[in-house]
Amino acid sequence: MTKEQVTALDLPMVDPLPEATQKYFDICQEKLGLIPNVLKAYAFDIDKLNSFAAMYNDLMLADSKLTKLEREMIAVVVSSINKCYYCLVAHGAAVRELSGTPELGETLVMNYRVANLDPRQRAMLDFAAKMTEGSARIEEPDRQALRDVGFSDRDIWDIASVTGFFNMTNRVASATDMRPNAEYHSAHR
Amino acid sequence: MTKEQVTALDLPMVDPLPEATQKYFDICQEKLGLIPNVLKAYAFDIDKLNSFAAMYNDLMLADSKLTKLEREMIAVVVSSINKCYYCLVAHGAAVRELSGTPELGETLVMNYRVANLDPRQRAMLDFAAKMTEGSARIEEPDRQALRDVGFSDRDIWDIASVTGFFNMTNRVASATDMRPNAEYHSAHR
Amino acid sequence: MTKEQVTALDLPMVDPLPEATQKYFDICQEKLGLIPNVLKAYAFDIDKLNSFAAMYNDLMLADSKLTKLEREMIAVVVSSINKCYYCLVAHGAAVRELSGTPELGETLVMNYRVANLDPRQRAMLDFAAKMTEGSARIEEPDRQALRDVGFSDRDIWDIASVTGFFNMTNRVASATDMRPNAEYHSAHR
Amino acid sequence: MTKEQVTALDLPMVDPLPEATQKYFDICQEKLGLIPNVLKAYAFDIDKLNSFAAMYNDLMLADSKLTKLEREMIAVVVSSINKCYYCLVAHGAAVRELSGTPELGETLVMNYRVANLDPRQRAMLDFAAKMTEGSARIEEPDRQALRDVGFSDRDIWDIASVTGFFNMTNRVASATDMRPNAEYHSAHR
Amino acid sequence: MTKEQVTALDLPMVDPLPEATQKYFDICQEKLGLIPNVLKAYAFDIDKLNSFAAMYNDLMLADSKLTKLEREMIAVVVSSINKCYYCLVAHGAAVRELSGTPELGETLVMNYRVANLDPRQRAMLDFAAKMTEGSARIEEPDRQALRDVGFSDRDIWDIASVTGFFNMTNRVASATDMRPNAEYHSAHR
Amino acid sequence: MTKEQVTALDLPMVDPLPEATQKYFDICQEKLGLIPNVLKAYAFDIDKLNSFAAMYNDLMLADSKLTKLEREMIAVVVSSINKCYYCLVAHGAAVRELSGTPELGETLVMNYRVANLDPRQRAMLDFAAKMTEGSARIEEPDRQALRDVGFSDRDIWDIASVTGFFNMTNRVASATDMRPNAEYHSAHR
């Protein structure tokens, strides 16, 4: 594992990494073929890394009526509005992979309104876009629009949480000039 | 502990709460005189509650060169831009309490640019505001402006993380119409 | 009456004040417990003070189908959009006092869309918000929406006039860094 | 004097007008060749008409180091940002008349940044534009920029007051669909 | 033909002009009483001049179900949003001329929403405004709204093309500080 | 050559195509491996096709001190701000091809501010971005900033023209829901 700087901040990883962290990174390397740079960026402080990873894993991988692809779609649409380079590269690749449709990943990066979506996914992304651009204007009719296409209140919580999460990580990544792993660019094209 | 709905979503708390959660809530009640509604909102799913609380506690309470007051100041300024009612009420009260200057809490809710701040805190809040309004425009000179008033790279990470976090919670709170505990309104005036 | 500077401009009050002005200020002191700083700010020129006070009194205190509270609610919502510190402090206090509900004052300062309002007051504040944010987009359907909840054409004039007025005073206060009387902060909490 | 409706609101003028008002309108007719529709619009309530006229006359006609042309230039620039039809027509004509340069009136209606202005007037209009677009961002350096080109604190008050006033009238005119007198269109071309 | 600079760029016209260009300019002078400065601006490179003129003539003068006046109306509304001085002066004059209603030209410069338009023309200008302000948000219902007031798909193409064209020329004119011929200002008042 | 619809408008290509057009399309097919859909979209009217193609070829392919890559870089940055799907797909591919650096194409699609650019190209793209977002605010210092990094007045014209052109085509493409050729997506990755 290289230790080159992955953000504009001089915050080297704890060295050596605690055993559990090293194991987690080894699993990433094995499963994904890389250790996501965001994890390296947080690894200057293991508590911060752990709380970030726990929230990430709960939101993106734990049980939910939203598919993993749908959660990645939200990630890309939020990141497109916020123009977050790191997240667009990393999660654009995830949409390409999970959907098996490279064009979908590209379209969500560029303008989700032209993507060919069913009404349920379109409503989900419209809600995520409104939350990102002007959350203070969200009111009951916005939630009802999600219920009208079949989402439960629990689903709405999940949509809101994933949308909120990427509004956090987009900003942290842009504020620190976080750089994505080079492998994402050509993956799943 | 009442179990009335604290958001617009019908997501009742796990009942009974796991022992550890109940204990955490009891400590809140004892120390703060209330259980923050945001915790009740997350308590429909204990994993989500735990990952939220872990990140919150790390960012707002763990060791940092930013004082607890400064982290709360960031919380209020971000929430003012996003017009998040829950966070303005709860963290406005925190700024009033920690600063001992009720006017400071009110001013940051209304327009931080008129607050009487030293250059270091002003730079910190300008960075938080820019991250909130247009993070994709942050570049090296923005980070350097923080270093120029004495912040280290670790401090910049902390400023960015707290700012990012409230851009998440503001959106989740607004999207779910989360309601603050009534006690905050009159506290520390 | 102290004569400390209440704005960033060096414009001392006429000294001594004309008898009628002194009497007006004495009445303010007696009735309100303070002389609003905005009046002191204008008192470098008695004609300007008088024309300001005459318009203020006509709009906020004279006969209208809008209650005094409703006019103050408009004042706070407009000032929230314009982020005017002086007006939020002073008129936030007025809403707390006139409504007897401190939370209402705070909510309108923060985000009127989450306030618990009847449809008539909500329509009134939506009109005020649209006038403040983009008056050139107001058209007949916007006026009709007010008529539909029971407002007369005269009421619409009054809503428009109060909204316009605070778009003036917000800007004058911010442009001159006008400072509110300290007494407002803790009043009616 | 015709009594046709000059706004979208059904608010006929007091009939007959009080003697003083009638006299004022007669003077307008004699001196200007017309009674400005804004005065007719307010004439449903003589107190409102009087407080409006008093403030207008103080700001636009009373003694000031700003020339009458400069005050009209501010009026047009503010009205251009707010896209107020009534005020652009009426005050655009005033700039054409007072400057003797029809092109100046047109340019300020369209984009004051391309007008051929001396640095003092440009600074004045930049301040008015910033006050109109985002008054909460005005700080001491903005006022100092005016002092640096020769404006006194009293002049700054006058710039701020005129700018504020048209932010009021623009909104009242747009909200009520106020229509300018037809005579303005071709005047002073 | 004078050769004074018509933009802020030092790009003199080809001298002498090719015969065909000179002839084209002579026809302009004869028919319009002037050679539009935009043509002089492009005349430093005859290929660029020709491709600009060909597109302009196709869009504004060739056969279309949109009248020449309607195409000029679009030009003015787009230019008003973009605050392009050159195009507002030149095409404002064209609307005054072609409509025979000077007020219409002025109104479209200032705020097309207050113009007295039939529903077809209003829909056309609303589409042009939306294309100018946020083309990525245009979707099928926007096109359908045009069809609903009687426009064919070919007409929609023409509306889109003219709107697009002025979004190009507005930006080129502003970026180069292009100056309109003085004759436009007083024409057709 | 297929004749499937490439926009949301029902405007079939002239059939048969004139000989010269057919020849042009054949050359495209041979050289590029495809006929760009934008050309098919315009081919319902050969005059419109020709004037579009002439301007495109002059701007993007004719002699200029801007390299073809630089012109494509401007195309992508403008299209990113306008979120034009067609142009991002087509010109993103061109940047990938001409630069030989796939990441550069992706970065410009996402956020050009994080791309690794020399000061000259950065200044060029900043100018293009400002022209796209608010051309009315461009003034002499903006042009001077280009001269300061070595651009001539002729170069400034070219930057302005290319930027203007994509502000046109972005809007036409979005307004008509123009769809890019599928081949672009995977090309030059």
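Per-chain numbering from 1; labels A, B, C, D, E and F assigned in written order.
Note that in this section contacts are C-beta pairs under 8 Å (C-beta built on N, C-alpha and C of every residue); 3 or more make two chains touch, one makes a residue touch a chain.
Quantities reported herein were computed from a predicted structural model and do not represent experimental measurements.
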Next on the checklist: Strictly by the touch rule at the top, which chains does chain B share as contacts with chain D?
Outcome noted: C, F
Checklist entry - Is the contact between chain A and chain F built from the same residue numbers on each copy (over half shared) or from different ones (under half shared)? => result same
Checklist entry - Among the chains, which is located farthest from chain A on the basis of C-alpha centroids? => result D
Checklist entry - Which chain lies the greatest distance away from chain F when centres are computed from Cα atoms alone? => result C
Item to check | For chain E paired with chain F, centre-to-centre distance based on mean C-alpha positions, whole Å | outcome: 22
Checklist entry - Distance from the CA centroid of chain B to that of chain E, rounded to the nearest Å? => result 51
Checklist entry - What whole-number Å value describes the gap between the mean CA coordinates of chain D and chain F? => result 44
Checklist entry - Among the residues of chain C, which are close enough to touch at least two other chains? => result 83-84, 111, 136, 139, 177
Item to check | Pairs of chains satisfying the touch condition | outcome: A-B, A-C, A-E, A-F, B-C, B-D, B-F, C-D, C-E, D-E, D-F, E-F
Checklist entry - In the complex formed with chain E, which residues of chain D make contact? => result 83-85, 88-89, 102-103, 106-107, 109-111, 114, 177, 182, 185-186, 189
Item to check | Residues of chain F defined as touching chain E within the complex | outcome: 8-11, 44, 47-48, 50-52, 54-55, 58, 62, 82-84, 127, 131-132, 135-136, 138-140, 142-143, 153-154, 156-157, 159-161, 163-165, 167-172, 174-177
Item to check | In the complex, chain B residues that touch chain F | outcome: 136-137, 139
Checklist entry - Taking the complex as given, what residues does chain A use to touch chain E? => result 111, 113
